[in-house]
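Okay, here's the structure, questions in a sec.
Letters A, B, C, D, E and F name the chains as they come in the text, with residue numbers starting at 1 for each one.
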Amino acid sequence: MTDDILMDIKRDYVLSRIRAGERIDGRKFDEFRPISVQTGIIEKAEGSALVKLGNTQVVVGVKMQIGEPFPDTPDRGIIITNAELVPLASPTFEPGPPDENSIELARVVDRGIRESEAINLEKLCIEEGEQVWMVFIDIHALDDDGNLMDASAMAAIAALMNTVVPAERFEVGEDFPLPVQDLPISITSLVVDDKLLVDPCRDEMSVGSNLMTITSDREGRVVAMQKSGSYLLPEEKFYELLELSVAKAREIREAVESQIAKGGRNGEDEES
Amino acid sequence: MTDDILMDIKRDYVLSRIRAGERIDGRKFDEFRPISVQTGIIEKAEGSALVKLGNTQVVVGVKMQIGEPFPDTPDRGIIITNAELVPLASPTFEPGPPDENSIELARVVDRGIRESEAINLEKLCIEEGEQVWMVFIDIHALDDDGNLMDASAMAAIAALMNTVVPAERFEVGEDFPLPVQDLPISITSLVVDDKLLVDPCRDEMSVGSNLMTITSDREGRVVAMQKSGSYLLPEEKFYELLELSVAKAREIREAVESQIAKGGRNGEDEES
Amino acid sequence: MTDDILMDIKRDYVLSRIRAGERIDGRKFDEFRPISVQTGIIEKAEGSALVKLGNTQVVVGVKMQIGEPFPDTPDRGIIITNAELVPLASPTFEPGPPDENSIELARVVDRGIRESEAINLEKLCIEEGEQVWMVFIDIHALDDDGNLMDASAMAAIAALMNTVVPAERFEVGEDFPLPVQDLPISITSLVVDDKLLVDPCRDEMSVGSNLMTITSDREGRVVAMQKSGSYLLPEEKFYELLELSVAKAREIREAVESQIAKGGRNGEDEES
Amino acid sequence: MEKPKLIVDGKRLDGRGFEELRPIKIEAGVLKRADGSCYLEMGKNKIIAAVYGPREVHPRHLQDPSKAVIRYRYNMAPFSVEERKKPGPDRRSVEISKVSREALEPVIMKELFPRSGIDVFVEVLQADAGTRTACLNAASVALIDAGVAMRGMITAVAVAKVDGQLVLDPMKEEDNYGEADVPIAFLIRNGRIEAIALLQMDGRLTLEETRRAIELAKKGVMQIYKLQREAIMRKYMREGEDYEGSAEAAEVAKELSENEGGSEKEGGQSEQEVKE
Amino acid sequence: MEKPKLIVDGKRLDGRGFEELRPIKIEAGVLKRADGSCYLEMGKNKIIAAVYGPREVHPRHLQDPSKAVIRYRYNMAPFSVEERKKPGPDRRSVEISKVSREALEPVIMKELFPRSGIDVFVEVLQADAGTRTACLNAASVALIDAGVAMRGMITAVAVAKVDGQLVLDPMKEEDNYGEADVPIAFLIRNGRIEAIALLQMDGRLTLEETRRAIELAKKGVMQIYKLQREAIMRKYMREGEDYEGSAEAAEVAKELSENEGGSEKEGGQSEQEVKE
Amino acid sequence: MEKPKLIVDGKRLDGRGFEELRPIKIEAGVLKRADGSCYLEMGKNKIIAAVYGPREVHPRHLQDPSKAVIRYRYNMAPFSVEERKKPGPDRRSVEISKVSREALEPVIMKELFPRSGIDVFVEVLQADAGTRTACLNAASVALIDAGVAMRGMITAVAVAKVDGQLVLDPMKEEDNYGEADVPIAFLIRNGRIEAIALLQMDGRLTLEETRRAIELAKKGVMQIYKLQREAIMRKYMREGEDYEGSAEAAEVAKELSENEGGSEKEGGQSEQEVKE
């Protein structure tokens, strides 16, 4: 009961600020929270990254295994993306098999990577029709302060860029870096009345979860879109989202790249 | 509450009619509802049939795959029968894994086909001990207005008679019709006091689900029986059921055969 | 409600007796209930035993299969221990997949057998890296009157000692007795205040389930320990448990051995 | 595998005649925790049944305000069969549990126990054909042992057709290679078969053979019924206690007092008669 | 498998033009047990949708005291695709069910049915690309057939990019080998497209192509919308009954009475207008 | 794989002495959503723990009217180990969760929070032997960070026997090829070890070795305990806030105010002392 009243008050407050042209944390409508990307934090994984988007934190680990290719793509590696919304990350997550939210999260992140052809899957063929590399991308949410989607997509591509294919351990040649050839960025916005708020934080989502995620590649092409949430989106708003998301992705891609370039293989401060 | 009262009234009405020697829909006690059998309605399946028994509707699709034979029958194909009581078909069905009712349905239909040797399994051996055809019979209920059992059994055998083994697609020779050599018919009756009502409709089952299913082959031999429902069946009633079911099966078999002969590969009116 | 009151009364009674230096069934604190071990009771299993510890009854069946070895132990057989706390055995057990109690039971029994090297796993290698024997130890509780742990551990080792490896059936040589080279005994005690009660019966556990299981081998070495239950164990009490358990295990081992020696392949009185 | 000859010189593989049962052993009251229990062997089948209840049903929305809710769980131990069985229910055991529960439900006086549950759990420790009927026989004795009021005894047996011949109580080879299998359970009351409680069949029988199979089953169950009653009597004598509530138990007790000179329970028995 | 050429001589593999839909067949009210239902074919897709409710929600803690709870279950029959599909939900069908439910939720007048549930179950009997949009079209008709009050019609279609060309309503080969797939659903009200209810995309499109894909989808849904309405009208005429509650149904009925001379329902229609 | 030599020239493979811990790093309060949290490294183990509660328990029938219900979930990330682990609980993690919960339950003042739930969730991001003890250490700090009242600190470590030698805090190779592994947790209160909270063992030890293993573990935990307290202090100083409720936190705070000149919290501390 008390919780409901608190939620109501929070929602009213958030809405009144938005209508006054402001966000509760002082950001501009098209402004992301501070981004931190640390790669290589899980030595036992073939690749890994911890992404912080404000207080939202996601770890992605990449593991490689050898398996059989799908019959219709005998010369291509396989991507398997999985998300666990472990109950550690939010009071609303419960232990158990993946629910529709974690499935959607994994599938939208997967589509961004797959459709941008971020991984050159042909280079992951070991023996056509027999053996190919399987890339397991495991998304592990640690703290859900909103927009797990974009944080997960960033952590996934950063972890992939950090991945070394363990060919020696599997006795199929020499280790080599995973061939990553694009850097898709997903931009999620919250639609509130006629306003679009990129990178919504948890408190902002008290007004509802009217979300749109648009992922684009280096060339500024759209590679994945997902309307998520029970709402109706006016057509003109969608075109606005489209422009905004592709432009914003360019900016965020630069930030991510510079963070990855800095290295970040710095176990010492990964939690500070 | 209201529902319970309505159920009570319905039951009392049905019972009073039965005791007066009548069925609520005017049928005779040993009369089936109108039967419609359409085959070949799912082009992507190796065989298929839609059966309507009054308002009860069931689709059965047959898919063929190649697999290993069971160790104790190295030269015989394999039948796998499965039923999904999808929630679309009845307000009482819930999403989820098969419950005891759908399992019983699948197993009784399976026994009728298996024990009548309707499929010549020896002709489904590709390489003894290595490769045989697996026949997947999937029962998909669409509308449960009573007696899903008989409708499913009819749809299953009709779909099998309609099945072409896709040997070419699997590169093991030329396509050939599934070798079907019998036409088992199951007859389900509702036992009410000393009356036996064949092909009970849903409303009739408001008096209870005291059912007996007896399946017989072309030669009039019994190939499967299943008492279903929490009730006690007097021995003499059983003998009556036995005669009734085998006689009735003859009549229904003819109806089914003539419907199949008519073709029914008529996508245009399959739902009309 | 009534149940709760009864439980309270029972607990108070048990406690008062313990504090008076007595156990409700008149046993000494370090005294086991009568032990009965019958082996070979399930002819279809490769080995089996029924153990009764007072009214507690457990059957263990051993089945052998051929499988691939683990990559890191290519020349050793595999032990798989599983426990089903079937609802038949206690009003508190429910049907369903193994819960934490049955998993703990299976794992602690498994550790006793594995760590004492009771089975010579090297002799279960058929072809290094390719084929080894898998030993399935299935614990099936029948009546839980307390201390299923020790009864299960006894039944497991007795069943293993009774096991014949069915090499002929699998066409890999001649049948031979499973090479068993130790006889681990687990001793479970209930900690009540400063008292230690070995082999607690169900009624005694009304005071709580503060348990410690210590398993030791023929040489008197500790091979497995498990504190089970939400309680704090004073260090000095632990040392007392240690001495007590290893000493007691010697005595129980003798009893078990003499029972096994007597045979017990006596289907006639296994339930009397 | 080649089908072996199942009948040689007019005898079955294990030397039995066509209408002969396998050796049967029944013992009531073998478990402490359960309210009622029974151990039963029939050939190499080894079955243990337990009954809990009438007891409270959780969660509450599963209760029936007008009568007891019956659960029946047929379960095979992993080591009960040649090839280890994965633990947990499969489709076969779900179907067997359903038809077995439906056989017992009309016989248990459910209306005497509103809002409560009666759980029948049966474990197959070793399987050798005819487990579902053996389990029902054990369950029936366990129910009476638990003092659950019943309209009579459920007694079950299978009939098979092997090498063209109907035989009673088939064992494994006859089940595997036979031409038909008919498991059947009857309600028996005051020593008279009153109705069919369970009936399944798979195989191929003429109408006439089907009728004869039922007749053969009836001969079989009367022998088993006698052994079920004797098991209850032995438990009764062992404990010197009254089995309350059940018509069957009351009847057994009466017989006991008449035939074997026991008398101290006569008053109790008439009460039970009334209860039923 | 080699990618085939998907456009030959300015035509698609099945002879269609770029902006041409596959043949569509819609029929409302095809099931007896469901409160509303619809059968729909779109190319080789064969879809059946059923609506149950508004009805009571069990268990109670799943109820919402202020509005109806909507469930949407997209399910593929095992035989609906080339390789038999294992029964039961997979990750793909869970995601489709989620976005489809979210498309319908803001359109259904949930607030009119507090504490109740409205269940939309859609079965794909045969799949041939575009099942999620075909299912939404069927679900929308089934909802109106069930008399569930709605703010308009949900109509959906997919657009694909194949061989560099945007095409409407891709069939299987175009879906498998195309460069992009955009399933999209609109709310249509009084014949006007009002908003986007579902939108997903995977593939690779420029901004400009994305915009054109939406425009192309809009052309497609207007044709489908007409067929949805006709299906409802046919059912309406068949039954001579009033479809209560739904704005869409009211509109259809009004049109019917105006265009086709039906008049006896006019009173009812204005009431419905008010209700909406 | 051949067993490597684990002790060379009196040193362990990673150069440690027999009674030396691996490097440890502990940080409290690392998550925003959780009520309390802790990040912990111990060698290559990387652990994150979160505490939610005391909070309401759903569904209600899981509530205990007299005390809080504790849940403990030990979970390994799929990428935490060499071979990818299938997500979700396995038998090992179920057992670890059980014994870990049982270690914390008698230490948490459950009776202060009737009808509520306290959830402890621990994720192993990277595993390198000794994860269950590392997790308990992190969980303990997270509980104090959440302000949950506790009777003291739970501090845990493992002892192993490798190449005949007892060693403290084994890393992966020592765990894999060692002769015994003894994970153990103690309740520490006011700087004194008071009791054993968790104790498991597998391997082979004489009685005397077992006793010495306990003694060795005691040395180890006193060092870890110090680091746990420091982590809490750092968080406390960072936030300048009071940790309410916990005896351990109160003690830390007192020490802090004495040793480091903080004084503004003294009133609050005595209150906490009373509370405990």
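Everything that follows uses one rule, which is that a residue touches a chain if its C-beta (ideal position, glycine included) is under 8 Å from a C-beta of that chain, and two chains touch if they have at least 3 such contacts.
Just so we're clear, the structure is a prediction, and the values are computed from it rather than from any experiment.
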item: Shared interface partners, meaning chains that touch chain B and chain E; value: none
item: Starting at chain C, fewest touch steps before arriving at chain E; value: 3
item: Cα superposition of chain A on its sequence copy chain B - rotation in ° rounded to nearest 5; value: 120
item: Chain separated most widely from chain B, comparing mean CA positions; value: F
item: Remotest chain, chain C as reference, centres from CA atoms; value: E
item: Centre distance in Å when chain D and chain F are each reduced to the mean of their C-alpha atoms; value: 54
item: Geometric centre distance via CA averages, chain C-chain B, whole Å; value: 49
item: Averaged-CA centre spacing for the pair chain F and chain A, given as whole angstrom; value: 31
item: Intercentroid distance (Cα basis), chain F paired with chain C, Å; value: 30
item: Multi-partner residues of chain C (at least 2 other chains); value: 98
item: Sequence positions of chain D contacting 2 or more other chains; value: none
item: Overall pattern in which the protein chains touch one another (line/ring/star/complete/other); value: ring
item: Traversal of the chain ring from chain B via chain E; value: B, E, A, F, C, D
item: Parts of chain D lying in touch with chain C, wherever the complex brings them together; value: 27, 30-34, 39, 41, 44, 46, 48-50, 52, 55, 73, 75, 77-82, 84, 87-89, 119, 121-123, 125-128
item: In the complex with chain D, residue positions of chain C that touch it; value: 41-45, 48, 55, 57, 59, 61-63, 65, 82, 84, 86-91, 95, 97-98, 136, 138, 140, 142-145, 202, 267, 271-272
item: Of all residues in chain D, those that touch chain B in their complex; value: 1, 91-92, 94-95, 97-99, 101-102, 105-107, 180, 182, 187, 193-207, 210-211, 214
item: Residues of chain B defined as touching chain D within the complex; value: 72, 98, 100, 103-104, 106-107, 111, 114-116, 212, 217, 220-235, 238-239, 242-243, 246
